[in-house]
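What follows is a group of structures, each given as structure tokens.
Here come two complexes built around chain A, the first alongside chain B, the second alongside chain C.
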Partner chain A sequence: MSAVQATGSTGSTGRRPAAKPPRRSPFAWLREHVVLILGILVLAYTFVPIAVVVLMSFNEPISEQSKIYEFNGFTLDNWLNPCEDPSMCSALGRSIEIGLLATLLATLLGTLAAFALVRHQFKGRSTSNLLIFMPMAAPEIVLGSSLLAMFVAAGLAGQLGFWTIFIAHVMFCLSFVVVTVRARLAGMDDALEQAAMDLYATPAQTFWKITFPLVFPGILGAAMLSFSLSFDDFIVTNLNSGNTTTFPMYVWGVSRRSVPMQINVVGTVMIVISLAIVLIGQSRARRQAA
Partner chain B sequence: MSQAADKQAVERTGGSTTLGKDDHTTYDGLRLRALTKSFATFTAVDDLDLDVPRGSFFALLGPSGCGKTTTLRMVAGLETPTSGTILLAGDDITATKPYQRPVNTVFQSYALFPHLDIFENVAFGLRRRKQKNVESEVKEMLDLVELGPQARKRPAQLSGGQQQRVALARALINKPEVLLLDEPLGALDLKLRRSMQIELKRIQTEVGLTFIHVTHDQEEAMTMADTVAVMNKGVIEQMGAPADLYENPRSTFVANFLGQSNLIDGTVVGRSGDVVTMDMHGTPVSVPAGRSHTASERGWIGIRPEKVLIGAPGEALDAPGNTIPGGIVTDVSFFGVSTQYLVRMPWGQELQVFQQNTGRVTIFRKGDAVELSWRPEYAFLLDHAQDASAGADKVGADG
Partner chain C sequence: MAETVRRRGRTGYLLIIPGALWLLVFFAFPFYSLIATSLYDPTGSDFRGYQMTYAFGNYVDVVEAYWQPLLRSLLYGAIATFFCLVLGYVLAYAIAFKSGRYKTLMLVLVIAPFLTSFLVRTLSWKLLLADDGFIVNTLQLLQVLGDDGRLLATPFAVVAGLTYNFLPFMVLPLFASLDKMDYRLIEASRDLYGNPVVSFFKVTWPLSLPGVVSGTLLTFIPAVGDFINAELLGNTNTRMIGNVVQSLFTDANDYPAAGALSVILMTMILAMVLVYVRRAGTEELL
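For the complex of A and B:
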């Protein structure tokens, strides 16, 4: 910035009339915009795969022989018949179902655990704080296989399926919920709740009028994180699923044959939903600040 | 009302608490008795007795960490006392919950609810108690603190001074028996602080509630309060009207923490009637008996710098006391309204002298030989066992 100004000022001194804009070297322009250019490149890098997914959702089906993933021609067929392969839609439904249930339970338990860890002094509190990180730190393959070993040891080898997947998902989502809600809660000034009590709010009123509304964004964020973690988990799910197929497992299965273009429709819808949630959140935050 | 405060101060000066149990039910102010709060390894408030007259502007003054906040929190019910009792208008409220006490607090950090607008912040207490006329009362209160137009803004959109006024309005609207203010002006810059001090005092006079104002700023305490209690290390050192505390401090801590004092080593020569005669490094000086706070043979003779008169050797100083010769000026600071000198005395001690610039005084220069004197009735005598520098390193007193 300062370099640009220096160039500009030397250019406008002396013989040249001041009204005439100074001539600038192309390097100066580059220097001024280097951050912007880099930013655009980085964004492009992250957006290209998304753009491909959106584009492919309008692609003509790929022929069995070619097996090359390329754009054959524009069609709306994929959007009009998303469930052309019924097994895809049933896998998708199952994933959403597991995602919602696991999110519900993990968010509930995780929020309660976070409150306990932040608000109460008890024996083993610091140990619990540490142990809560374990499922996040452990490699998924280790988590998945040890869970499987546990289910088998418990005599559930024949029952692997929907409920074992659900249990596994709640397990790994829980840590993320605890960590997210705990951070929000720890960042909250204790004096707020004390002020509420000082202003004649009973403990229950204090919780519902002050604590909960202030922690809610953290809980919501944790729930969204849980759902996306559950929705796209493959490794742990695959090990504990028995004969049940979730959406990521379906994609994995068909990717070795030809991939139905409807997968891109699902992908595009997911992207649009996430984008909508982010935009709504942002506009609400902006309205509150304004 | 300031008479009540004076009377209270006299009672306190008389020694330990001698009030009987039956007096408690008739006292209409806030009364703390033997209040103690110990944390795991540390006693923050130690056997504290305090009476705050109803309707007074009461300042709790002390250095940081002396237990002021802990005391307030116990009164508000946010901290459970280790022992002792809290009585409010005759009722024992020691064991009641914060939301059951007719006490409200202006928190040091303001603690405004960030998700509620200014109106709802102020209305919070009224709504919890299912009061009627919330709308009109909140409007009235917002007008009192001049925040009417900001009613629908959120706390984060206000300046520090405005947030401070919201915190005040939010507490005040409940018309508590006692309003607790924990360093409410601490986060404001000096200029804003001065104008808020006047504002607070105006509001207190207008609403007539009991204010307990905690501060570590001695100037703030003295200008605002009817009664000041000086707190140090968990106990009240002295309590009384600001002028009484300033003119007649009872401990070296109060002498140094409230303004500045020269404390000079002296030996008692005789006590007769209402005068204590002292030998101060060879010069006989006297102190009124009512301003003597030690019974031992040695003591600190105290004199405020502005009470000390300075003159050239042989010059007649307007004081009936003895002249103390042999001073050498070691430092001169010219402040316009006054000149502040440091004078080294023959016994090695440097004394502070503030001289008013009346226009008729000579301004001395560094190295000049001078004599000092003061009127005996301005001197006070303190216990020699106390640290002469206690309270001298006041923290942040007037930024």
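For the complex of A and C:
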């Protein structure tokens, strides 16, 4: 079937990229770049709501009665008084606190596990792999409701709050840390480590001077991923939070009433900070490579 | 490159045990609790406590009561995954083969919008799709939507929100498998097949299947369980299974029903994943 079409068009050899293309018609240019243009359009589409978030962070507040969420006029008030609603800032602080603590423990446990899986032979490897994979394959609502079922069965229904959120976040961040660090470790050539050992470095010296610095970017990436997962989580958190409110839960709560424009300030700051981190990392990597 | 030698001995156990224990206690064991909860006597309550009565009837009851949101979740998840695949493939292909020296920059830009809060992002879709908003007015002007037509609080808005929010889960695995591909294979197929469409379906698509499989799974699973989009962008007729489970747990305190629904959701997803991976695996061999 395809042979027919193939013979039909084998004559056209001009599609192969030549060293110096002759002048082409705009139509040919368009055909050459159509995929790139479509790709950029998709990319632009993903930024549409972000533009709205940035724009709304400069919006004048919306009256309590008005249910409509629209642009009223330009103001810097939201940026000057981010904590106009103190409960938003306390929720934000709590999210940062939980995010940092959960990231710390998840990164530690996950990095150790990644080393075990890549570098060591032990019984139960495949079971461990399954145990690490499963939380990533389960929908969040199932993770959250399972944990809640256990906490309630253990008689902890009244104690839901900061620490149960922390436990949940470490649980779902852990798998992502293992996967990230494991990828870095598995892609690493151990020739440098063997060279260090040959030159009489002790195992501890080899680890801290060679292995750890090489794996560190992976660990750092895993930590940032796990902070953003923890900071942004709503579904699991909401089920296991009791009366404690995190930032996503605050947004959920106000979305049913009137939305304070300050949440858009937080949204803007989040994207600026994370873009800055990524871009600084990129330029540093490029400088090291050069 | 030499294969890393795996060391034997006690260290391996010491390294894996803390993490594995955390997952056993806070992931595997809770799942057992969930199954147990789903079999409790449905007449129990928070205050009086629950009795374990192996009430398998709970499952029949919840399916009878909630089969609609259950099917709707699968449907919305599948449609959103399809749209993610189309949009994500175009984007991943453009980055992998057409972006030249801007590859890294474009990859960063793929992730960037998703570093803001999920809820804040979804609220801004609510604004974009609102009645009398720019999009609705334009569509009404173009007669695509009727004069009283709306986008917000419709299934369309929910699916659009799901598609948007889970797009990076599709783009990144697709990019990973396309980027590994040898572009000369595509060039060779262009020379042999000529027609770009034929060469896409004969060469590029089959070679990118691993990315397609993991991308669709990574999109479909969270999309089916999500309830944020359905709550913020939908109406009472677009409730998904996540909305039901969450309100049964937090508002109605009907733990056995919520547990049973969660178990059903997890089982369905596991079954679909197994079938899907197996089928995709054999197709790859053919």
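As a working rule, the second predicted complex is superposed on the first by the 257 of 290 C-alpha atoms of A that agree within 3 Å, B and C clash if a C-alpha of one lies under 4 Å from a C-alpha of the other, contacts with A are read in each partner's own complex, and residues count from 1 in each chain.
One rule holds in what follows: a residue touches a chain if its C-beta (ideal position, glycine included) is under 8 Å from a C-beta of that chain, and two chains touch if they have at least 3 such contacts.
Here the structure is a predicted model, which is why all the values come from computation and not from measurement.
Enquirer: Since both structures carry chain A, what do chain B and chain C do when superposed there: clash or fit?
Expert: Fit.
Enquirer: So, does A:236 touch the first partner chain B, the second partner chain C, both, or neither?
Expert: neither
Enquirer: Using the superposition on chain A described above, determine whether A:91 touches chain B (first), chain C (second), both, or neither.
Expert: It touches nothing on chain B or chain C.
Enquirer: By the touch definition at the top of the document, which applies to A:225: first (chain B), second (chain C), both, or neither?
Expert: It touches nothing on chain B or chain C.
Enquirer: Which holds for A:191: it touches chain B only (first), chain C only (second), both, or neither?
Expert: A:191 sits against chain B and chain C alike.
Enquirer: Of the partners chain B and chain C, which touch A:201 in the superposed model: first, second, both, neither?
Expert: Only chain B is touched by A:201; chain C is not.
Enquirer: Just to be sure I read the superposition right, which of the two partners does A:179 touch: chain B = first, chain C = second, or both, or neither?
Expert: A:179 sits against neither chain B nor chain C.
Enquirer: Is A:213 touching the first partner chain B, the second partner chain C, both, or neither of them?
Expert: A:213: touches chain B, not chain C.
Enquirer: Please determine whether it is chain B or chain C that touches the greater number of chain A residues.
Expert: C
Enquirer: Quick check for you: in the superposed arrangement, does A:149 touch first (chain B), second (chain C), both or neither?
Expert: Only chain C is touched by A:149; chain B is not.
Enquirer: If you've got the overlay open, could you tell me the nearest Cα approach between chain B and chain C in whole angstrom?
Expert: Comparing every C-alpha of chain B with every C-alpha of chain C, the smallest gap is 6 Å.
Enquirer: Kindly list the residues of chain A that each of chain B and chain C touches, one partner per complex.
Expert: Chain A residues touching both partners: 189, 191.
Enquirer: Sort out for me which residues of chain A touch chain B in the complex.
Expert: Residues in contact with chain B: 189, 191-192, 194-202, 205, 209-210, 213-214, 288-289.
Enquirer: If you look only at chain B, which of its residues touch chain A in the complex?
Expert: Residues 76-78, 97-99, 103-105, 107, 109, 111-115, 124-125, 128-129, 154, 156-157, 170-171, 174.
Enquirer: Chain C touches which residues of chain A in the complex?
Expert: 2, 5-6, 8-10, 12-13, 15-16, 33, 35-36, 38-40, 42-43, 45-50, 52-53, 56, 68-70, 109-110, 112-113, 115-122, 124, 128, 131-132, 134-135, 137-143, 145-150, 152-153, 157, 167-168, 170-171, 174-175, 178, 186, 189-191, 228, 232, 234-235, 238-239, 247-248, 251-252, 255, 259, 263-264, 266-268, 270-271, 274-275, 278-279, 282
Enquirer: Would you pull the chain C residues touching chain A in the complex into a rising list?
Expert: Chain C residues touching chain A: 1-2, 4, 6-9, 11-13, 15-16, 18-20, 22-24, 26-31, 33-34, 36-37, 46, 87-88, 90-91, 93-95, 97-99, 104, 106, 108-121, 123-128, 130, 132-133, 164, 167, 187, 190-195, 198, 202, 217, 221-222, 224-228, 232, 241-242, 245-246, 249-250, 255, 258-259, 262, 265-266, 269-270, 273.
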